Structure formats: structure tokens, C-alpha cells
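The next part holds the structures, each set out as C-alpha cells.
Here chain A shows up in two complexes: once beside chain B, once beside chain C.
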Partner chain A sequence: MTCIVNVKGLTKSYKNQSVLKELNWQVEQGDVVGLLGKNGAGKSTLLKSILNISDIDSGAISIFGEPSNQLSSISKARIAYVPQENDEISWLSVKDLINFRKQFYSTWSDEKVTELVSSWEIDLAKKVAELSPGQVQRVLIILALAPMPELLVFDEPAASLDPAGRRDFLKEILNLVSDENITVIFSTHITSDLERIANKVAILDKGQICYYNDLDVTKESVVQLTVHCKKEQDITIPYLLRGKHHSQGQYGVVSQLDQTWLTEMKEKNVEVTINPMGLEDIFLELTA
Partner chain B sequence: MMNTILLHGWLVKVFIVLLWVIAIAMRFTMQDDTREGLLFSLIAISNFLLYLMVAMRLPLLTHSNMAVLLPHFPQKLKQALLVIFAISLLPTLLVLPNVVTWLAFISISILATLVFVAMIYQPIYQIFLWLFILMPLPMALLDISLDKEKLFTALAWLLPLISWLAYVLLNKLAHYRGNHHHVSKMIAITNASIGKTLAVQESIPFADRTKLAQWWANSHYNHYRKLICAATNTSQGLSNRKLIEISCQSANSFGANAYVIWSLGITLLCLIGLVIDESYHHFFTPMVTLIPAMIIGTGSITLFQIIQGKKSYLARLAILPRFKQHNSFARAFLYYVFSNQVLLYCFIAVLLAVTAKVFGHINEAIYINSVLILLVHCFVSISIMLFAWRTVDDYSNPIVWLMIIGFVGTMVLTIQMVKSTMELLIFSGLFQVLLASSVLLIMFSSFRYLNYYSNK
Partner chain C sequence: MEQFIISPSSGIPIYKQLYSQIERMVLNGYFSVDQRLPSVRQVASDLHVNPMTVSKAYGLLEERGYLKRLRGKGMVVTARDNEVLQQEKLIMLDEMIKELLAQAKHMGISGDKVEQMIKHSIANELNETVGKE
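Up next, the complex of A and B:
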């Protein structure tokens, strides 16, 4: 698979407060990556740094094989970004904003714009300042999707959307990613959204991508284990994230399920119960 | 579309076009060179306004998140700026067939553009503007005379160098994303409509403000903190008027520290005026004319915007048990607004008297006339504010524009009065009607405001 985004040793700090520390990350073509992290973990900073919107202290970032701070216009035309905070010109009407953006792209799809504007009931004559936060978010998504990009970066795209809006947005992304060439990175707090569309999950914690794996693999590997022993035994659970002893065994969460250890336990007549976990719990365990 | 963004604001555009039309009309009706200076000034002012307008809009494009991601953004921005600059040069053709003057005009236009843009992105470059305003005084003191012909010839010859410099800086500007902290504030202000500029400034987090702004706000609030503490320690508590006054304060209020700073500034200016020879006093006339205007602008428009932004808060205050007496809130509020504005206009009247005494730019009759005009302005301005605060709908934009127009009109009238040999306005029938109308207007608006709260 082609590497679309390659981050090496990214370091970024604000006023002597380190946000990203020697961060390494690779996103491959066709991946739909959900980026999770606590508040203030640096998700927005990471996305902005990748796209060269924020300056970085050190490190190397490349997108489509080009350094992100020297992207050619051809590569720029293949990227779309939806920021967390709207910084579009507030006194422009939606129609003017769309026309302003359109002039930069040869691949701009008027059909896509018309379709989304009508289905999301956006009033083109209204000024950006007159729209509700949810409507602004929808406009920003339209602006991002209209140039038919190959790399979409969303910073908390569904934060201001109501449930119906979120469903429409996710549907749109699902339609889009049916094309294997399209890569999506989106940060979110809503793990249910991530579970619906992402095929990979990345967790940003303490300035680094502490976990990056396929979503399915994650759900299979990060599990809750309950170990029941008939007599007192000293059992060490491999890849244990957090554990607690109880009267007749142990309880714990592992980052990876070791099949050899499971067989070993079976042979020792130790009963091990595997309980799958939701993504939200997995995230909490991995960042605890 | 980029040009539309850069040239946003119909009022300034209309004004610029109007100046161009006047310049064209003047050029074709000019019989000799006597009005050449005025023609040059018209072209220069209109173009400078245009450059300032474009410079103020530029950060909206260069510092937006998407600027680095939009394909061909730098090229399109440069193209848009060059088109606007080329259009701005059209009125300069009026100075032809004098080619040297025309080339000099182009050089001046480029330099002005560079200064305005630099000023917007880096406030330190405002020094160029102040140097330009204050230059005549040191030049006169040092007895340096500028030969206009020689200056224009030099500027004409320097055009290739200035153009090259502009080209280099234009390329830098198209990729510039520096001084983000200051520019984001500029964007917030230029992104807001005129009625909301103060609200945007108020929303800047305290820690993100400059040290001077932090000190200014703290020293202003300290006065009110002391008032609250003093009232807490006594059995009487705060009066209704004081409570409303405290509620209507903001970091940008024209308070005690503003009066002190302006008084110190004026005292310093007057001391300079007393020390230097009287023949140099005319250099101070623009400044001493501008200062009262600036104080009215900040003192009254700011008050309007602050209270407009606190309307819902004041409405909640009005339902407190202490305001249960009929009209007590509205009366206390009107008392606060009147005392605030009367103090402001009295300060300006004193300031005008002192500067007139020192610099002699206006005589006694003009001073009395100016004070009378200020009185009418004060009445009309308070009335407009009361009308706007009473309405449920938000009319901030038209009201601020109306106040600006009224304030510019007052200035123009005052300046015109200084030039002409006008007698005391109080004896003019037209002025008497105007004064009576303004008194009626303020009475009516106050009455409506009183009724507004008593009907609630």
C-alpha cells in the first residue's frame, strides 16, 4: 500500500509546553483513520501540523511523497480539510464562499455541491455569520467534499452536528470511502461514529501515537479477562494494561490476547473468561 | 472573488469613487495650476483609503487555515492585488501630461501600499505613519525645506527600485503567515460588522492581550472593585446608579484612567506649545483638532456598543427586587448615561478651551460655536443610543454608522466654521431650531425609555 501521510519525529510545543514529542505515524492509501485522544492531547495540533497549517518545532512530514511545507498545487488540490473552528469570512454568503473556493480547483464538482446543499437544506443566500454552528459545519464539509479530494482531514467534524446531521455526514463519508483511493483521517470524541466508518484507530496520548491498529484487530485484542483459579496460583497475564486480584483469581485488561498463554492456562485447568470491550472502554484503558 | 473580499465595504468604496469623480471633474474644469495641490490631495487620499481598506482585508485571506492548502493561492492573491493596484493608478493619469509627477505618484502609491500592509501585519510599522504626520515640525524646526519638484523627480527615478522592492515583498506576503497572534485579532475585528467590533475585542482572552491592555483593564476595574468593597463594608450599599455603572463597564470603557491619560497627553502637548515659537503652532492644529474627535468617538460609540452588548444582562438586573419601584431602573440608567456623556462633553469643552488658549487655532466666538455644536451632537447622540437600546432588534450596525456620520459631520462643520468668519451660532435661527429639535428629541427618547421599563 502507498503511504499517503508519513510523519517522522514530529515535535511541537506551545509556550514551552510540549504537545507532540517525537511523534511517528504512517497513514496508508484507502485507510479511514479515527484519531482519538483526551481533551488537550494535541489532536488538532497534530492534524494542523501534518497539513502545515501550524509550524512545527522539528520533524519531517510528507503527504503524497512531498514535504508538507512544500506541497505542489497538484497535491494541494488532492487534500481537503475541515477545521474544528470555523475561520471562514463571516460576512460572505454561503454562495460567495462556495464560489470563492471553486476558483482554486479544476476538479470541483458542482453536482456534489448542489446535491449536498439541497439534501442538507443550506440557504445559499445566508451569510456565514447567520448560520448555526451545525449549519456552518455542514457548509465546511460541503467545501471539503466538492473538490473530490483523495485525502480528507476532519478535525472533530461531527462535534456541532445533530444526530441526523451526523448520520448524513457519516453516510457521505461511507459513500466516499467505497473508492479505495480515498484516505480519511478524522479526530473525534464520538467513538460510535468512529466504529461506524473507520477501519483503523489511532490513539494520541502524551504527545505520541501510543496505539495504531486495525479497528477489528483492536476490538479482538484489547479485551477484559477474568481469570478463575481453583487454588491459589501466581499467574502473570501477558500484555496486561491494568489488573486487579480477587479472592479466586485475577481481573485485567490486556492490549493483546496471547493465544499461547490461553492454551497454557487451559492446560493448567485455569478458567479464563474473555469479555469484549466497546471502543470507548478500550480508549479509556489505553490512555489510563 | 478575491477582489470582492479585498474590496468589501460599500461605504468606503462609494466614498473613494466619489473622490475620484470629484478629482476628474476638477481636472477638466481646472484653468490654471492654482488647484493642482487640491487635485493631488484628492487622488492621494482616495488611493490611500483604498490601500488601507485592502490592507485591512488581506489577513482574512493570508492567515486563514485554508491559505496553505488552496492550490495556486499565492499566485491568485498576487494577481488580485496587482489588478486592484493597477485600477488605483487610473486616477493618477489625471496628473498627466506631467510624466515626472505621474511616475512620482506611482512611487508614492507603492510606498503607501507597503506601509499600510506592513502596519496591519506588524503594528511596529505604524511608526512610519506617525513619522509622516509629525515630520513637518522637526523639518520646520531644523529649517529643512523640501523642494516639491526635486522630491518628485527623485521619486520618479526611484520607481524601478521601489517596484522591485514591492515585487519582493509581494512574493513574501503571498506566503506570509507570521505574527499569528496579532493578525488573528485583526481578522476577528475585520471579520466583524462595525456594530460588533467592540464585542470582538472584548472576547479576546485576558492573557492574550498586550501587557498595556492588561494594565489598562486592570486599573479600570480596580476602581470599581474598590467601590464594591467599600459598599460591602458599609450598611448603605451601592446606589442604583452605581450598580448600573458597574454593570456597564468593560475593558474598553472610557473611564478614569482614560481621562487621566488624555489629560496628561494634552498637558504635554500644551507644554510643548508654550515652549516653542508661535510660528510653529500651526503644525499642531491637525492634532489638537483630531484629539477631541477621537475622544468623542471612543467615549460615545464605545458606550453604545458596551451597553448594546449588555442589554440582556441589564434586563436581568432590572428585575432585581431593588428596582421594584416604578421606573427606578430606567431612571437610574438614564442618570448614569447622562452623567457619563455630560462628563465626556464637558471634558472636551475644557480641552478645547485649553488648546485654543495655547495654540490660538480658534477664537472665542468659534469656541462658543464649537461648544454649541457639541451640545447638539451630545443630545442627538444620546437620543440615538436610547432609541437603539430600547428596541428588541439589533440595530448596532446602522446606529454605529449613523453615529460615525454624525460625528464626521460635526467635525466638518466645526472645521468649516474655523475657516469662515461665522458669528455666534446662538443668534442663528437655523441653529435655534436645531437646538430645540435636539432637546425635544432627547426628551422624547428619554420618555420612551422610561415607559419601556415601566410597561414591562
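Up next, the complex of A and C:
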């Protein structure tokens, strides 16, 4: 596996408020990573720091094996970034903006632009300032996809899109990732989008990537357990995040399923029910 | 057309949801022997899910002998011995029965009562069929 993004010891603070603390993270080629975090956890800061859009206090970040603050222009052209807020020149018409951006890339696909502009019904003559937030977001996504990038970084890409717009966007991302060399990192609050398209989930909490794992593995390991036992049976659930005792036994959420323990319970004739949880609940449990 | 239905926010991984749906569709004959399944790309695009997820489900079905990969044709349903097929069906039912019994146990309902209810349901089913004729 080729490591596309490698972050080591990233520390960043605003004034005296520390945001990222000695954060380590490796993203491999072909992964579609959903980045979750509470409001103010520092998701945007992390993405901007990785791309050298914001300064960092300390740490080493590399993209495609090059230090991210000294990326060659070839490598820069292989990266696309869609920020949470539009920072494009808003007095330009969409058409002029597209032509302006096109000059910076050698791999620009006019076909992609034409296709998306027509299927997403973008009015090329309108000024960016005249577009609705959802339309602006679509334009930004078109600008990001047009140069056929290999690393795509989206900060809350679906925030201003309606459900149909979100589906269109997901479809584009899925078209892209059928090419296994393309890596996508996107931050989101909409866990169901993440569940559809991501194969990896990352959770940013307290300044660090506190959880990074395969999405399927996550759903199979972070589960709710109900242990049907009597009070006098002293049973300790391994990897317990949070649990409660009640008259018929105990229940709790574990970060990992311990198979040896399950077998042991079976031998003791203690019934254990495993209840899977959706990603939203998993996220809340892991960051509680 | 969407042949498969998934719920992304369920705690059951999407590849597993697809796996059990297709398994069931093969066992109940919805997909007949040698029938070709839609391509990974097609399913991924219909359901708006990552193609890797669909590949994973197909791979598992291939591993368990439900599907085979034909060059240039994609995935097709494997011809299987009737006895094996019957066996698979019984295993699936057995799992459902186990689940039913576990639920009954939690509710404090005895196995005898469940048996009685099942017999009752079968009798009702028979009556309805007879009534329709």
C-alpha cells in the first residue's frame, strides 16, 4: 500500500487555544475516508493544515511522499480541495471562473465540465455571487473534479446540498473511486453519506485522530452487548466503553468484540446478545 | 431498477446486507442457475455505494459457492446439487428459528408455547389455502 498522506506529530493552536495535539495519521492510496468530529473538533483546521493552507506550529506532513509545504507544482495539480466556505472570486461569471481555473492545470477535462454543468443545471452566465449556496457548492465540486485529481479533499461537501444534490455528488465520487488509485478524504456530519461511500472512518477528538479503522470492521466491532446473567455472577465485559447493570444482567457498548470472552460466556451458559449499531451511534459512543 | 435494498445506517455492514439478500434470492430461485448478476459497477451506482462494498459481497458469495466468476460475463449463479441446496435452505431456516427461540426466551415464553403457536399458524395457513380453492 502506498501512503498518500502522512501526518506526524501535527500540533496547531489558534492564539492560546490548542486545536490539534501531536496528531498522527496515515491515509493510503485508494481509500475513501470519512472524517467525523464534533463541531469545533478541528476538522477544517486538520484538512487545511494537511494541504498547507494554514500554518502549523509543529509536525511533519507529506503528500505523495513530498513535504506538504514544499510540494512540486506537478503534485499540487494532482490534489483537489473543496473548502467549506466559498473563497472563489465571486464577481466572476461561472464561465469565466471555470476558464480562469483551467489555466492552472495541464490535465483539465472539458468534457467533465460540460457533462456536470449540464446535468447539474448550472447557469454559466450567472455571477458566482448570484448563485444559491447549493449551486456554489456544485460549481466548486466541478472545479475540483475537472483537473482529474488523484487526491480529493472535501470539507463538508454536502453541507449546502439538498438530498438530490447530495446523491448527485455521491454518484460523482463513486464514479471517481471505481478507479482504485484515487484517494478521497471528506469531512461530514451526515453519517449516512459516509456509510454509503467510505471504506474507512476517522474520528477527530481532543486534537487527535482517536479512531481510524475500516468501516465494516467498525460496525462489526463497536456493538452493544446485552449479557443475560444474575447479579451474583460477577461478569466483566472486556473493551467496555460504557455499561449499566440491571436486574436481568447488564448491557454496554464495547469498542471491540472479544471472541475468547464470548466463547467463555457460552461455556458458562451466559447468554450474550450482540446488537449492531449505526455509525451515528458508534460515533457518539466513541467520542462520549 | 433497484433489485437490492440496503439501509446504510443500519449497524449491519452494507456488504453483509447485500450478501444475505443475494443468498436468499439464489436459494428461493429469484436468480436461477447460470443467470448473470448485475455488474459491480451497476449495483454500486444504483445503490449509491462504494464499488468495493459490492465486490466484497460478490467475493464472499463466490467463496461460499453461490456464484462463480465467468470470464467476460461477470458473476453467474452456480449450478448446485439439489441436496446441497436443500441443506443450505435448512441451515438458513434453522438460524431464523434459533433467533425466534432466543427472542421468545427473553420474553419469558416457553419453547412448548412457541411450538404450539407454530402448529397453530401452519393449521391456519392450510385452512386459508383450502378456503381459496
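Just so we're on the same page, the second predicted complex is superposed on the first by the 286 of 288 C-alpha atoms of A that agree within 3 Å, B and C clash if a C-alpha of one lies under 4 Å from a C-alpha of the other, contacts with A are read in each partner's own complex, and residues count from 1 in each chain.
Here is the rule we use: a residue touches a chain if its C-beta (ideal position, glycine included) is under 8 Å from a C-beta of that chain, and two chains touch if they have at least 3 such contacts.
Predicted model, so just to flag it, every value in this text is computed and none were measured.
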{"item": "A:D216 touches, of chain B and chain C: first, second, both or neither?", "value": "second"}
{"item": "First, second, both or neither for A:S90, with chain B first and chain C second", "value": "first"}
{"item": "Touched partner set for A:D110, first chain B, second chain C, both or neither", "value": "neither"}
{"item": "Touched partner set for A:E22, first chain B, second chain C, both or neither", "value": "neither"}
{"item": "Partner chain in contact with A:N99 - chain B first, chain C second, else both or neither", "value": "first"}
{"item": "Contacts of A:L51 with chain B and chain C, given as first, second, both or neither", "value": "first"}
{"item": "Touching both chain B and chain C, residues of chain A", "value": "none"}
{"item": "Contacting residues of chain C [partner chain A, same complex]", "value": "8-16, 41, 44-45, 47-53, 56, 102, 105-106"}
{"item": "Residues of chain A defined as touching chain C within the complex", "value": "32, 167, 170-171, 174-175, 177-178, 191-192, 195-199, 215-216, 219-220, 223, 228, 271, 273, 275-282"}
{"item": "Of chain A, residues touching chain B in the complex", "value": "48, 51-53, 55, 73-74, 76-77, 79, 81, 83, 87-92, 96, 99-101, 103-105, 129"}
{"item": "In the complex with chain A, residue positions of chain B that touch it", "value": "1-2, 4-5, 8, 60, 64-66, 68-73, 76, 177, 187, 191-193"}
